Amino acid sequence: MLSELKSEILHEVILRRPDDSHKGNFGRVLLIGGNIQYGGAILMATQATVGSGAGLTTVATDLINLTALRSRTPEAMFVDWRNDEQLTTAIQTNDVILIGPGLGTDEFATQLVRKVLASVNKDQILIADGSALTVMAENNLTFPRDTFTVATPHQMEWARLSGVQLNYQDNHQLNEVQRQILNLDVLVLKQHHTLIYTETEQKQLQIGGAYQATGGMGDVLAGIVAGFAGQFKANATKAVEAAVYAHSAIAQEMAGHSYVVKPTFIADSLPNYMARIQSNL
Amino acid sequence: MLSELKSEILHEVILRRPDDSHKGNFGRVLLIGGNIQYGGAILMATQATVGSGAGLTTVATDLINLTALRSRTPEAMFVDWRNDEQLTTAIQTNDVILIGPGLGTDEFATQLVRKVLASVNKDQILIADGSALTVMAENNLTFPRDTFTVATPHQMEWARLSGVQLNYQDNHQLNEVQRQILNLDVLVLKQHHTLIYTETEQKQLQIGGAYQATGGMGDVLAGIVAGFAGQFKANATKAVEAAVYAHSAIAQEMAGHSYVVKPTFIADSLPNYMARIQSNL
Amino acid sequence: MLSELKSEILHEVILRRPDDSHKGNFGRVLLIGGNIQYGGAILMATQATVGSGAGLTTVATDLINLTALRSRTPEAMFVDWRNDEQLTTAIQTNDVILIGPGLGTDEFATQLVRKVLASVNKDQILIADGSALTVMAENNLTFPRDTFTVATPHQMEWARLSGVQLNYQDNHQLNEVQRQILNLDVLVLKQHHTLIYTETEQKQLQIGGAYQATGGMGDVLAGIVAGFAGQFKANATKAVEAAVYAHSAIAQEMAGHSYVVKPTFIADSLPNYMARIQSNL
Amino acid sequence: MLSELKSEILHEVILRRPDDSHKGNFGRVLLIGGNIQYGGAILMATQATVGSGAGLTTVATDLINLTALRSRTPEAMFVDWRNDEQLTTAIQTNDVILIGPGLGTDEFATQLVRKVLASVNKDQILIADGSALTVMAENNLTFPRDTFTVATPHQMEWARLSGVQLNYQDNHQLNEVQRQILNLDVLVLKQHHTLIYTETEQKQLQIGGAYQATGGMGDVLAGIVAGFAGQFKANATKAVEAAVYAHSAIAQEMAGHSYVVKPTFIADSLPNYMARIQSNL
């Protein structure tokens, strides 16, 4: 049964932070992506992760993106993704790993996806987005069984990954593929009204609109999902749902004064939006 | 007959986006330009294209501009213009191609102009600006017959391209040169009150002013033209007219509190301005 | 005896500047830090030092950080930290030296820490933060006896440096280690309610909160401490106290509309906050 | 006789732009400066020149500053100052040349100063600031006799250049050195209340304050002087006076809400401030 994803999820998830906490309590998040051609995607995801309040954010990307990353979001730490030792350490020591924004699909990207899928452990959360999903589909890769996993495909990416054309899918079959074959815990299927398939529920977002139809929108969503998963990891499924809701709720609010809502606007608005949720304003 | 380009064009063109649409519906726009000396021009054009709501924006420029591009406008994707394979793919797969801002007029720039003129097809829209027009004039190049083409010259650039000194031109002759010789569908002749020559009409902008007389103003106009052509391609001529009108209307509005209107101000104001048009505010 | 650090410290320290003064009167501040992995830290510290009103700010960092530094804070001058001659001059000619943000702990970082500890003189103020403290702990280094010194460790950094586990420390012992062994004049011990140990007093901050628990928060604090020490050096201890207070007071004010307070927000708010303090608003 | 420089100068100079004008009417301004260590200075000057409304702004600087320049101020064009051919062309084709911000005093800087002093012609305006003045003093260089020249030294720079210790100067002697020996048309002597010595008058600024005492303040002043000289060149002396006045008037206005006024704040406020002057608001 498909139920509506409602704003209550925000109030369940975005709570006042406990007083005696430190940045380690709010998640160590590693973002992997950004080749020379699509590097802006990882920059936008990072901006969203930092804006969402992640405790510590590290970006593993191509060296060519370093200066732009640092110019935009100095809060993030950097790992050269060709430095295997540093990358391995980063994969081992972060709580949440997002792979995909601007990653590309070449041989090196494939290596990275394989490495991450093989390395994550049961205490981590893995989020796969964009080209990471294409790489998985092309190489028949599945998610690791013991790690909590999230995927955020567009419809076409999902069709490739699941091997089922959307028009021929029913929810039951979809759920079976997601769980039995791909080992995927939460599927965020991006479309006009985004769907979220969890183990027990199928929810649909009723907000958002065509003002979001612009490049980078999904990268910011992925960054928020990662940031929320790091911060609110006690209930990772709800954290993902809240991230999806907040992303479109902010966009909808902005659409009143923005014909197109630039993805980076959303990233920058997170602290204020979340403060209002916390205070019930 | 010269008629006035009026604000109604905005309301005809900038309509509410259909609900069930995705970024592919709002145009894939490729911008080509930006050498080491004039690279800021392509950055400003990109900012305008993204701000105007283009679905997906790609920039083919010199590698030296990559970091500044990404620092300013991470929404845009990048193609190294010396990577012939990637550039060819980009030219083939985008709906709208703008060539010119900060391109320069050297041998390599000439190659690029020739390549684009030879490659575009009947389903694409080609916009030529700035040094691309100088290159065309110097090499006696004309626009491809089957593609919808737009040029946005200053008066001197147009004199060079058309081979007719402005003082000696009459509208009839101008139109003949534009259409019979150059194969140009829409001429945007930038001057104090900009002129737009389409197949059937000659319109003049009555707004705007000397607060726009600063470097980069034309680059932002070119970027808006490209963004509107991508988004509102059902009627490309009207899209161009709306772009020209919006550019000066925003500038005029800003002139109340800006002695000189910085081109990047206009680019950043597009989402808000367009939202107000859409809502009739 | 532990007393509360109160807002009065701001009004004691942040006074109207004397009319006939020039930038030399407000301190020459040198910041040393920022390797390839953690370079954002020195950028955030710099932004805070400049925002706090330091007269002249110079940053000695890895060349890879230059463009991001200049893009964000052109007010700061640059020294390539591998240029030993320039670095030596910079250490000799600045009034305040902050070492640590994003410095790392490798061999080169160790060399830099040793060089600074050996070079500073009695007329300078030395502030050690972050990895500089880890380097000192690993190499059993102590502060120079004749220089006014400040350290801004997290609790774990302090445990490593002092050799005393926090749970087993009493204030008396702490004070003894700080003064007799480490030669440290002011200890800013960052925790939920930050402690400041000076020669004569132990004060605790009662403001601030978990909205500050995000990466970079300490770097901005270090930058403010450096900026205040440079500007208000007549009473360096009070300058440090005011810096600590202002940092959390700004964060607390922002927390009303920011779920997480981005460190760079604080840096950017300094001029306005300090103007209000000066005017008793 | 020393008279007060009053706000009337702004209204005399900052007039509504004539309708039928283009960017060429508002000056082609070339800024030369910015080595690796002090490159931020030329970036701040550029931001001020562009903000002040110069028609076309070109920056000749070290290649290492290109990306930061373009990230901050894409409106400016770039010349690699080691490309002698391009630099020569730039010197020949611009109306106003500012040399000095962040230039340094090494052998290469000296070459550049000599080249500029030897190349400018009677139709150009030359402004020398910062290290360009130190280079001139060290090499006993004087200004070209036929070019309208402006210098903007601090007191110490002026003492070095004029060879007269300030304490021993009287106005008459100062004027003689300035005119008879140095061939300098306008001296802007930066101090608590800045002095302006022109051929016929000696004026003193009575506004501004210690909130301006921070690094980069003079670079922004130099940039405004260049921008005003380009735009309002009909009366270059008055243009310089208006620039000096506007710089401190903006700072003074900002000081109400900024303890220290960041130089880049002033640069960014120019369009709005000038619009208010033009409208008598």
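Residue numbering begins at 1 within each chain, and the chains themselves are lettered A, B, C and D in the order written.
As a working rule, a contact is a pair of C-beta atoms (placed from the backbone, for glycine too) under 8 Å apart; a residue touches a chain by one contact, two chains touch by 3 or more.
Quick caveat: nothing in here was measured; it's all calculated off a predicted structure.
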item	value
Chain labels contacting subunit A and also subunit D	B, C
Same or different contact residues where subunit B meets its copy subunit A, judged by the half mark	different
Where subunit B and subunit C are represented by their mean Cα positions, the distance between them in whole Å	49
Whole-Å gap between the CA centroids of subunit B and subunit D	35
Per-residue multi-chain contacts in subunit A, two or more chains	67, 71
Residue numbers on subunit D that touch subunit B, as the complex places them	14, 17-23, 25-26, 50-57, 66-67, 70-71, 73-80, 86, 270-279
Subunit B residues within the subunit D interface of the complex	36-41, 43-44, 47, 64-65, 67-68, 71-72, 192, 209-211, 213-217, 255-264
